[in-house]
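Going by the order they are written in, the chains are A, B, C and D; count residues from 1 in each one.
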Amino acid sequence: MVQHENIFHPMEVFLRKSRIPHIWCSGCGNGIILHSFTEAVKELEMDLDKIVVVSGIGCIGRVAGYVNMDSFHTTHGRAIAFATGVKLANPELTVVVISGDGDLFAIGGNHFIHAARRNIDIKVICANNFNYGMTGGQQGPTTPLEAYTTTSPYGNIEHPFNLVHLAAASGATYVARWTTIHVRRLTASIQKMLQKRGFGFIEVISPCPEIYGRRNKMRTGLEMMNWLKKVSTIKNFSDPAKAEVSREKIVIGEFVDTEKPTFETILYETIRWVQEKAEQGE
Amino acid sequence: MTKNRAVLTGEHFLSGDLACAEGALAAGCRFFAGYPITPATEIAERMALRLPEVGGIYIQMEDELASMAAIIGASYAGLKSMTATSGPGFSLMQENIGLAAMTEAPCVVVNVMRGGPSTGQPTKPGQQDVMQAKWGSHGDYEIIALSPNSVQEAFNLTIEAFNLSEAYRVPVFLLMDESVAHMWEKVVIPRAEDIKLVNRKKPSVPPGEYAPFRPEGDDLVPPMACFGEGYHFHATGLTHDELGNPKTDSPETQFNLVSRLCEKIRRNVDKITKTEKVMLDDAEVAVIAYGVVSRSALSAVKKAREKGIKAGLLRLITLWPFPERHIAEFADRAKRIVVPELNYGQIVREVERVAKNASIKFLPKLGEDLHTPSEILKALEEIE
Amino acid sequence: MNEQVEPPQSEEIRIGVYVCHCGLNIAGSVDCTEVAKFASQLPNVVLAKDLRYTCSDQGQETIKQDIKEHKLNRVVVASCSPRLHEPTFRKACEEAGLNKYLFEMANIREHCSWVHLYNRREATEKAKELVKMAVMRVALLQPAIENEVPIKPEALVIGGGVAGIQAALDLADTGYNVYLVEKAPSIGGRMAQIDKTFPTMDCSICILAPKMSDVGRHPNIKLLTYSEILDVKGYIGNFKVRVLKKPRYVTEECTACGDCTKVCPMIAPNEFDAGLAVRHAIYTPFAQAVPSTYVIDRELCLNKENVVVCDKCVKACERQAINFEMKPEEIELEVGTIIVAIGADVFDPSTIPQYGYGRYSNVITSLEFERLINAGGPSGGKLIRPSDMEIPKTVAFIQCVGSRSERTGKPYCSNVCCMNTIKDALLIKEHWPETQIYVFYVDIRAFGKGFEDLYRRARKEGIIFIRGLPAKIIEDKKTHDLWLIGENTLQKELYKIRVELAVLSIGLEPRKETELIQKLLTLSRSPDGFFMEAHPKLRPVDAATGGIFFAGCAEAPKDIKDSVTQASAAAARAGILMAKGKVTVEALTPMWVPEKCKVCGLCVKVCPYNAIKLDEESKKIEIVEAACAGCGTCGAECPFGALVMRHFTDEQIFAQINAATEIDADKKIVAFCCNWCSYAGADFAGVSRMQYPENVRIIRTMCSGRVAPKFIERAFARGAAAVLVSGCHLGDCHYINANYQTKKRIERLWKKMEKAGLNKERLQLTWISAAEGEKFASKIREMQAIVKSVTPEEIENAKKVFEKALEP
Amino acid sequence: MPVRIWRKPLDLEKAKPPKGEIHIIKDRCKGCGYCIEYCPRKVLEESEEINKRGVHPPQVADESKCVVCSFCTAVCPDFAIFVTEKPCEGGC
């Protein structure tokens, strides 16, 4: 066990060194998601100048500030709309939105379903920790029924979203769900999404021991991670509508992997066509 | 050399909306994100038709606030970008306008004002969003707002708006009355080379040393790197230091940032603000007006002169920052100022603030009913 | 329901009896002419003869002519065991136009002459009574048409060694679909591990690999490696087999390039190399493996449950062939025939402390030797001493380690070790000529073609053969050399020889899975634990159970040549069934008598094959002919006689009991033996000439489950001294679990006898398998004490208690 | 009994599975315990020492067992641990 000063953590090349260590709680899954994302970028040997990470508001929102790439931390829920502007303005960029379940599917839900519908070439990674962590643990669009949060003190009475079903139904061409304990598969899945053209969505169920776990009988990160390990079953390309997420069972895996012309491809195709016609017209 | 389809040099007969769109194209705008809303829809339609011809991007987003977010994204990706809306959309955009101000993203927002509040009178003119333009989003920040009173000016001021937004890295609003937007007039589009365009300052230092929010020179405006240029910079709506990293626990960082965001406009008021002075030098009574109302005011002042009343007109072209000096110059002399507005008292409050010892007569009009020259003339006559 | 051929009621019963001399086998201790003369007086007997060889062609001709001339409609042959020649004589009757179910045999050889060699008079009396039992039964036999069962033209081969491979190839080449199920990740079995083969010194894998790839590519062979048999249901021609296909976690995309195994961090001893070399968690057992797809050993791999911890192989695999989500699959196969070729395990010599295997590093087994001498093995073909990796100058081979020895519980000869040692010795001489080689043997068994001159060549090369296995091996701690101390029994002198390497020529033993396969296919095992063939000489590759055949070491230790020969034989035998496409099944299924049936469902409960469907509303029973195996358990269970067991009706068995207990029943033992195990056990006692008292009369039923309590009660009612009921061992029953019913019924009868004050010992229940001749003989001897101790009152008492059983 | 494997394979040295050297940036650790729990070879254990954050960072219990699968690095939320492969002694 050695503490060399000059040996750097392999991922530090991809991080904004000055900002590490990050602000997330002990055991929070966001760090694992960030590591998995940077690992995927490393494996693909991507050009760091051509990646833009956009994040919304919430714990995971801070992730944009931790990557050594062009990044933007938008207002709550607007990451995907902002990313749309970036991607269309410069389609050469790989635009990755990393945000939370509340940001993407509560306030930002409208932008998510439309971006998926348009199949614009944006990659979305959702850190789903079942609640609004940053603001102290309120119920969110994915909070399981009967779960306790600060704004559902008597147990959550709302039926949560099935995110992969929502993404698939909206038209995303790559949809997958993993958990932070299946980090190797998550990295492989992110790699696959990054290499694929079109709207990609990966839901990562991640532990939030300090805020969510504390109120739902899983006080430590280990308890949550072991729970994830116990209840997850992999059913690749099964019906996303039946991809259950409950206390007893979480269905993970890749659900959609299809090809569909992307929004910006058709747009730039049209522009080229319009300009050609205009030139002939002269 | 293929024809520069962005600048349709020559005379045209256009509406305010269309002229605005052509102005944007001429100014180098290559990204428009919008959402249909009367009376601004025609701008979007024109952009949808014309942008592809110049290799630009038109996208109709799912709502106005998405459009606002998108144009900030496009701006940070290196394109001059614009959106156009009306009252209700403008309200929706306020949070992201704040984000644009905070992250100093150059962009242009056209607000074709209609009767308000709420759904109000979608097809009727109104000047009721003027204060919202200045104070709409939360927190202290400064913006620039221009007000055209003719179709030709709609074209010119849109170009001016882009230049100002690039120069000062700030959202610039074009507050156009519905009447101007929907009236058709002759528009002369000059040759491309005659149009002065301003582009954002680019960083002069290599990526290692670049601080995205450190101003360069005395205009307090930081040079702007864009995504994909290898600067690996971070920008955030959180209070941030010059490096762009979040710094929400330091009063000093907050003060420096917010004060700079405001000072970079306040310090350059004279360079930014524009008005049109008509017979003001010897005027003993004046009219201060903007937008479509200034056209009635002009004829009223002429009639007054015919009647021997020394009347003058100050037409505000720049609403924000408020051209105080232009008023102060004649306010002591003129002492009597008539302020006709299509609202229930907004710019008149600024005039009262500036021309303290002048007696100010406010002429409100709401809903279709524009001020007639005779009404303004009567006010000029009766005012003591 | 197959139709019942009804004989004209008024037809007069005309029985012909033939008493066979069988050379001197019967005539030696039974007066056949006297028995024939006695038979001629029996009811309905119109003709009785004694012939020297009834089973010979002219013997059968005599029977056929008599049937025609004397219009015989029943035939009894008193000769050997029906298990041997019943099919022969039945065919003869059929050729003479007589329905083959109107024929009965009296076993006066294995059950009489051979076991009572020295008292001719009692043997002759017993022979007469056995003939009378047969005659009384034959009179009541009814003709029957055998049911035909379709044979599915698909075969299952269990075990992918050289035998399995050969059988599969032969069947596939004949045109049948073959499923080859192999437990290991690759086929090849034991032969793939061997370096050279004897006597031809071919390179083993070189001659095996082409066959292996043929199997891999054959359109008719579906290869199921890394798979196990879960369950087998059904019967000849219609086996339903459930196979568990364990996940390889590598898909067919794999091109066996080996990139993955290079990066895999986990290592373990490679079973294929007998642990002498290492393999990784993702591996292929050997280079020529078929299928070549790699396999992941999830026990060793870091990735447990469904969490992928280490994905080095996934990243290294360019064809993305690794998939940790593969799940075990259960496959349902429907096949007509099964060939069991599961091979054999090698004996583990560490149970012989004197040889120090497991403690002395330079004591190796012949299998380890094969891997060391193999060019593809861990030492690249160099025979090295494990202690210092040097090539030994003196080598000793020790024969019969775990063979031909009572102490290790392996009394049989493993057939291959002698020749294997001679081959290995020659191999050493070939590479390192000056090596001094000793072979310690008991008897060199070089019996095969070309074996003797290999042996002579070995002696010519100067290999010293010493007759007398070392009693003890002592290791010299420093040099790790070995002292072998023993007695040269030919020269009657002790030896103490120092060698640098000792090779234990280990024997072969039944696979540990033999137990499971035996239960699944209801097979039986010979005393040495290997599978028991239907008949050692006449049906060497058939199993007693129809449609199942053996090949290779599963049936007994043998070399490659014999295994391949047996494999082709088994394939041919299976081919016969599948070519015919149908097989006639003995007409032993029950006939339902609606009037007597109370629809109580007792029969449904006991049927091992749930071949009886009970329909509540319509109050009807339906017997699924195809599924019924004819064990008779239902017939015995039905208290109302609503199920008549064809060819083993109650009346027929009563007739035999009556005949057996007519004269001095109070000295007699009436024995009910099941056809597959105990009757065969009694035959085995006869074949082995085991002598036992002659006061036992054996009545054959298909299964001990057929023995209804009323038969036993009838025997006691008739004054029998004692009754013996014997079946297959529990769990080995040919009809799955029918013998459990026997146990229940006998226990109930014991309680009844105790309550009635009878001596419970007079009714004996025992389990005797086909190989336990000795157990049968000693049981009869042991029961003499009971027969002697029975007093006349006890006989009368039992008669009174069970007299109700006398009514028809 | 079938073949019982008891001997040390002859080519064990040649196989040379990778050996890992574990680097722990103690002050970044927030004590979540993931690396200790999920290391498939149980190489890490909780140390007695307290770091700047008042938690027990991991320490190496038995470095010889590490085969550089690097799952500790993958599952550490705080970039506080990573593994480098030790050059094999005596050349590979």
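Couple of notes before you dig in:
The working rule: contacts are C-beta pairs under 8 Å (C-beta built on N, C-alpha and C of every residue); 3 or more make two chains touch, one makes a residue touch a chain.
Keep in mind the model is a prediction, meaning the values are calculated, not measured.
Chain centres computed from CA atoms place B at the largest separation from chain C. Centroids of chain B and chain D (each the mean of its C-alpha atoms) stand 62 Å apart. Chain D has its Cα centroid 53 Å from the Cα centroid of chain C.
In terms of their C-alpha centroids, the spacing between chain A and chain D amounts to 30 Å.
Centre to centre, using the average C-alpha position, chain B and chain C are separated by 99 Å. The multi-chain contact residues of chain D, meaning those touching 2 or more other chains, are 38, 71. In chain B, no residue reaches two or more other chains under the touch definition.
Multi-chain contact residues of chain A, defined as those touching 2 or more other chains: 181, 184.
In this structure, the chains touch in the following pairs: A-B, A-C, A-D, C-D. Considering their complex, residues 16, 18-19, 48-50, 52, 54, 62, 64-65, 68-75, 78, 81-90, 92-93, 110-111, 114, 267, 270-271, 274-275, 278-279, 282 of chain A touch chain B.
On the chain C side of its complex with chain A, the touching residues are 305-311, 314-315, 325. Those residues of chain D lying in contact with chain A across their complex are 21-28, 30-34, 37-38, 53, 55, 59-60, 63, 71, 73-80, 82, 84.
Chain A makes touch with chain C in their complex at residues 43, 181-182, 184-185, 188, 229, 232-234, 236, 253. Across the complex, chain D is touched by residues 265-267, 269-271, 273-278, 302-304, 307, 309-310, 312, 345-348, 350-351, 358, 361, 365, 367-368, 378-379, 384, 386, 389, 509, 511-512 of chain C.
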